Amino acid sequence: MPTNIDRIRSIVIEQIIEETPTVKTFVFKDEISSKAKPGQFLMVWIPRVEELPMSVMVSDKKGYAAITIRKHGFGSTALFNKRLGDLLGVRGPYGNQFKIDKESKKALLVGGGTGLVPLMRLTITLNQLNIDTTVIIGAKSKEEMFFEKQANDFLDKTKHNVIISTEDGTYGVRGYATDVMSIIVNKDKFDTVYTCGPELMMKKVVDIGLANSLSIQASLERYMKCGVGICASCCIGDQLVCKDGTVFNEKQLSTMIDFGRMYRDKSGRKVNFHM
Amino acid sequence: MPTNIDRIRSIVIEQIIEETPTVKTFVFKDEISSKAKPGQFLMVWIPRVEELPMSVMVSDKKGYAAITIRKHGFGSTALFNKRLGDLLGVRGPYGNQFKIDKESKKALLVGGGTGLVPLMRLTITLNQLNIDTTVIIGAKSKEEMFFEKQANDFLDKTKHNVIISTEDGTYGVRGYATDVMSIIVNKDKFDTVYTCGPELMMKKVVDIGLANSLSIQASLERYMKCGVGICASCCIGDQLVCKDGTVFNEKQLSTMIDFGRMYRDKSGRKVNFHM
Amino acid sequence: MHRRLKRIHEQYNDLLSVSLAGLQLRNPTMLASGFLGISQDVFNRLYRMGAGGIVSKSISIEPIEGYRNPTVFSLEESSYINAVGLANPGAEAFSREIASNRNVPIIVSLVGSSDNEFPSMIKKFDGLNILGYEINLSCPHVAKMGMEVGDDPEMVCAIIKKIKSNTHKPIIIKVGIGSVDVVKIAQVAKDAGADAITAINTIRAMAIDIETMMPILNNRIGGLSGKSIKPVGVRSVYEISKNLGIPVIGCGGIFTWEDAVEFMLAGASAVQLGSVIGYKGLSAFTTITKGIKKYLERKGLKSAMEIVGLAHKY
Amino acid sequence: MHRRLKRIHEQYNDLLSVSLAGLQLRNPTMLASGFLGISQDVFNRLYRMGAGGIVSKSISIEPIEGYRNPTVFSLEESSYINAVGLANPGAEAFSREIASNRNVPIIVSLVGSSDNEFPSMIKKFDGLNILGYEINLSCPHVAKMGMEVGDDPEMVCAIIKKIKSNTHKPIIIKVGIGSVDVVKIAQVAKDAGADAITAINTIRAMAIDIETMMPILNNRIGGLSGKSIKPVGVRSVYEISKNLGIPVIGCGGIFTWEDAVEFMLAGASAVQLGSVIGYKGLSAFTTITKGIKKYLERKGLKSAMEIVGLAHKY
């Protein structure tokens, strides 16, 4: 087994957890991935199909890690359809990580969809540091909501609060996660907000955070080819999301004029986010 | 500076000692060479001219080593003519080393010409182990004799005896080193004989040693290209002198039918030693 | 000029600046094509980090999406295999991208499958603030582009002549290890009017995953870059420079200042950094430039140009 | 038969033995030409150490002294650059050397500068206990031999036809990265009657010492072998094997059993070990063979032949 994180490591899907009808978690043995930091991602090879960046999900087994896949387009659907015992390749983990201020007293996590994955790894650290943590999980509907139990479990040793919001109101609060955020940042004194999810959601989180003078840590997603800082397909401004990120702070975010506005497609052309 | 011993390391000739009109010692700084074991050799690059195997000579400066060159043919003459401050390249040290039996009480060293170089490194170890050591230095004449002082100096802490023999009798005993050996092995009880020098001399040393049931350690020389066991230009029987040697024991030596008889030239053909 | 830029300029100028084929570079380190080569913001950052010149990703007349991932992966030996498939935003979008460039020494890399594609691309770039063009005739894994062109001496000649008649800026031809001898193609390029040669591109290669028994790259075959190819790059630069006397830019596995100096001794007037960026980050430009500087000082030389091709005399 | 040899035979036979072009090897590992290739005593030792087959140093009609040292040196990346200059004892002396061979599976590598040189060499070896011939058409650093021959399709064809009409033993053509596409030369060889192809030889390369500013090799230019060239080797084997369907022997940077398996998946029926011997010693044969064995067992396969070319289907 290569210890170089850049080599593709063969892994076997040893357990599959169905989180929702369109989201599954694959658990696999890989010492290196098991030590990933919150915010880091793997490049996951789906042999002869695709390679996709995927945040590293937590597994409770020692030496194991996981990925949580939302069935979406070509590559993610092929991945979603893999079975127990199937082989994948992984390289990484890559990227920086969420920074936790030691002085921090009260953390707010706002996530949606598979953006929750890096936040789950983060809850484990916050739990260890005994930081009072509120998690807002946004979803379209009850059926599409996942990781509520995990968030509560991972935060068992610290004061915590997991709030669910669904757009259709089938579970928890009705509305967007950012609606919930707007309300609670006025009621409670948070120092840092950590966010990951759809970029337009994160853009709102950042706007609310800036307006409330919070420290902000957002984990961005961009189209990635290399994952190691050589192709620039992931660049936003002069920052490489795969290497300088994925996590950026409020200072960096507020100067990124393309954040929430434009991304680069596979050819490298800038295109607008579909609103 | 590469730490890989196989890379060519640039060295500067910092001191030149004229041992005899045809033998010089070049001292240079090189941490790796300074730690060579007795019997090991360097591949010495004479830029744009040649690369030659050379035993590693001792330097008294920390982090330094030396080579002792006898001016002979094309490459060695170019090397001999190098000056203070000139650049050479070295790789290695390569090869195994003289093995010293911990039980050993009384060692006999028989050397001639630059074959004395590995024996000098050996005297230092014997001195440290406090082994009673007799050195026989053979030379053609007084003028061509060298390393007598070094041998005495290096053995200062142990019982020792340095005997010189010259073929023309201009210094020390008249005759060959092996003549001296024949006489003293009958008078004294040696356990091991260590030898390096012209192969026909070594062949005699081995014969005398075997006849007297001594342990034998002989450091052989063969034509060398790679020094790392890939080209076989140095082979004697199925042994690679650069890798399995240069030091062989009495058991190995007595089965080497080409020892003292044949060597391979640059093309790999076997040729007889000129007698 | 940006304060920091100005400082870098002054600091390096005398000893480190090089000129070749009409290009003046403040130091001999350039960004190799295909590395971080699509964003003006990133170019600005690279220039702040000390790059002497910047070659863009190879740009084609139309945008190209390239192959599916995996398009690039790393080997144990500090090397990559890639088959990106020449993904690029196309001449139109890229000319807009760099339209705002002021003082970054950009060289636009162009790729095409026939001589007719170049004039319209040149037209889009020639009025911008750029130093010149590098023509990629050596991408080893895209059909009808790159190497397939570079292996056809007549095509090479036609393309260069066509470009030359459409621009006054210097043009650099990038060659590689294809199935025509690299010196021969460089000769053809020189005869057709090329101002300089960049050598070398990646070498056709592949890797198979032994567990799935499948080729790793989506395109199966790609190009090898990084430390592995350095000795082949040095040899190519040496042969082209010694035999043809045309200015050469060295590329291929340059990871340290020692590597850069080795290429320059072989005949390179400047060097391009590619794979090293993945392993050592953008600071490679500074580290390597500093190393070259110290070497020149230690050797008592007055200009980086003095070491170019010194190994030819031995 | 020697006791230990017999044991090795029995132990490996079913799972590991391979056959190609009429050769039967007890396991897929062979010694690459130019490594330890001149002494029958050493061949015997290599066979005891587990080598499945042994290719001799390339032998020419007359003895060759080769270039002056340095003829070979090591790079950091577990690779060598060499320009030995095809030093060899010549056909006469070497036929005497191996005249006593009994059961070691020796393949004699031959090199020559024209088809006329081969019949007299074949005559010296054909009556001996050898499996066949490998013809070196790909040494990248000796004028008028090796690659200069291998880059000339007509010469390749003439040589193979001449050899074929002088022996019934299998002949293997060794190809490399020259200035004619490796698949094209393999095609020419196949059409002319070659029984198998070995790919690849070293790649033309050089290194310059930055302190003296001088090329290191006495011949200045040499050939790159070892880990660095592995991905180029895998690609060549894959392309030749997939496109031509001729048996291929893989060579180039095979250091581990994983490398050996990768070459076999790419289409190699056997693999040659060269540079690894310098870094890991003769035990490489045992380690690699054992690794292949475990892999085959883990994958539930009955024969090493089953994995040959498996990657072609993806």
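Letters A, B, C and D mark the chains in the order given here, with residues in each chain numbered from 1 onward.
By definition in this document, a contact is a pair of C-beta atoms (placed from the backbone, for glycine too) under 8 Å apart; a residue touches a chain by one contact, two chains touch by 3 or more.
Being a predicted model, the structure only gives us computed values, none of them experimental.
Asks: Determine, using the mean of C-alpha atoms as each chain's centre, which chain is farthest from chain B.
Replies: It is A whose centre lies farthest from that of chain B.
Asks: What's the distance between the Cα centroids of chain B and chain C, rounded to whole Å?
Replies: So the centre of chain B lies 51 Å away from the centre of chain C.
Asks: So what's the Cα centroid distance for chain B and chain D, whole Å?
Replies: One centre to the other, that is 36 Å.
Asks: How many angstrom between the C-alpha centroids of chain B and chain A?
Replies: 66
Asks: Name the residues of chain D that each touch 2 or more other chains.
Replies: Each of 75-76, 214-215, 314 in chain D touches at least two other chains.
Asks: Among all residues of chain A, which ones touch two or more of the remaining chains?
Replies: 47-48
Asks: Is the way these chains touch best called a line, a ring, a star, complete, or other?
Replies: Graph shape here is a line: each chain touches the next, no loop.
Asks: Which pairs of chains touch one another in this structure?
Replies: Chains touch in the following pairs: A-C, B-D, C-D.
Asks: Taking the complex as given, what residues does chain C use to touch chain A?
Replies: These residues of chain C touch chain A: 34-39, 41-42, 44-45, 57, 63-66, 68-76, 80, 84, 87-90, 93-94, 97, 209, 211-212, 214-216, 218, 274-275, 277-278, 281.
Asks: Can you list the chain B residues touching chain D in their complex?
Replies: Touching chain D: residues 2, 4, 6-8, 10, 43, 45, 47-52, 75, 87, 89, 91, 225-226, 228-233, 235, 237-238, 240, 243, 264-270 of chain B.
Asks: Quick one: which bits of chain D touch chain C in the complex? Just the residue numbers, please.
Replies: Touching chain C: residues 75-79, 81, 177, 179-181, 184, 203-208, 210, 213-215, 220-221, 224, 227-229, 231-232, 234-235, 238-239, 258, 261-262, 265-266, 295, 307, 310-311, 314 of chain D.
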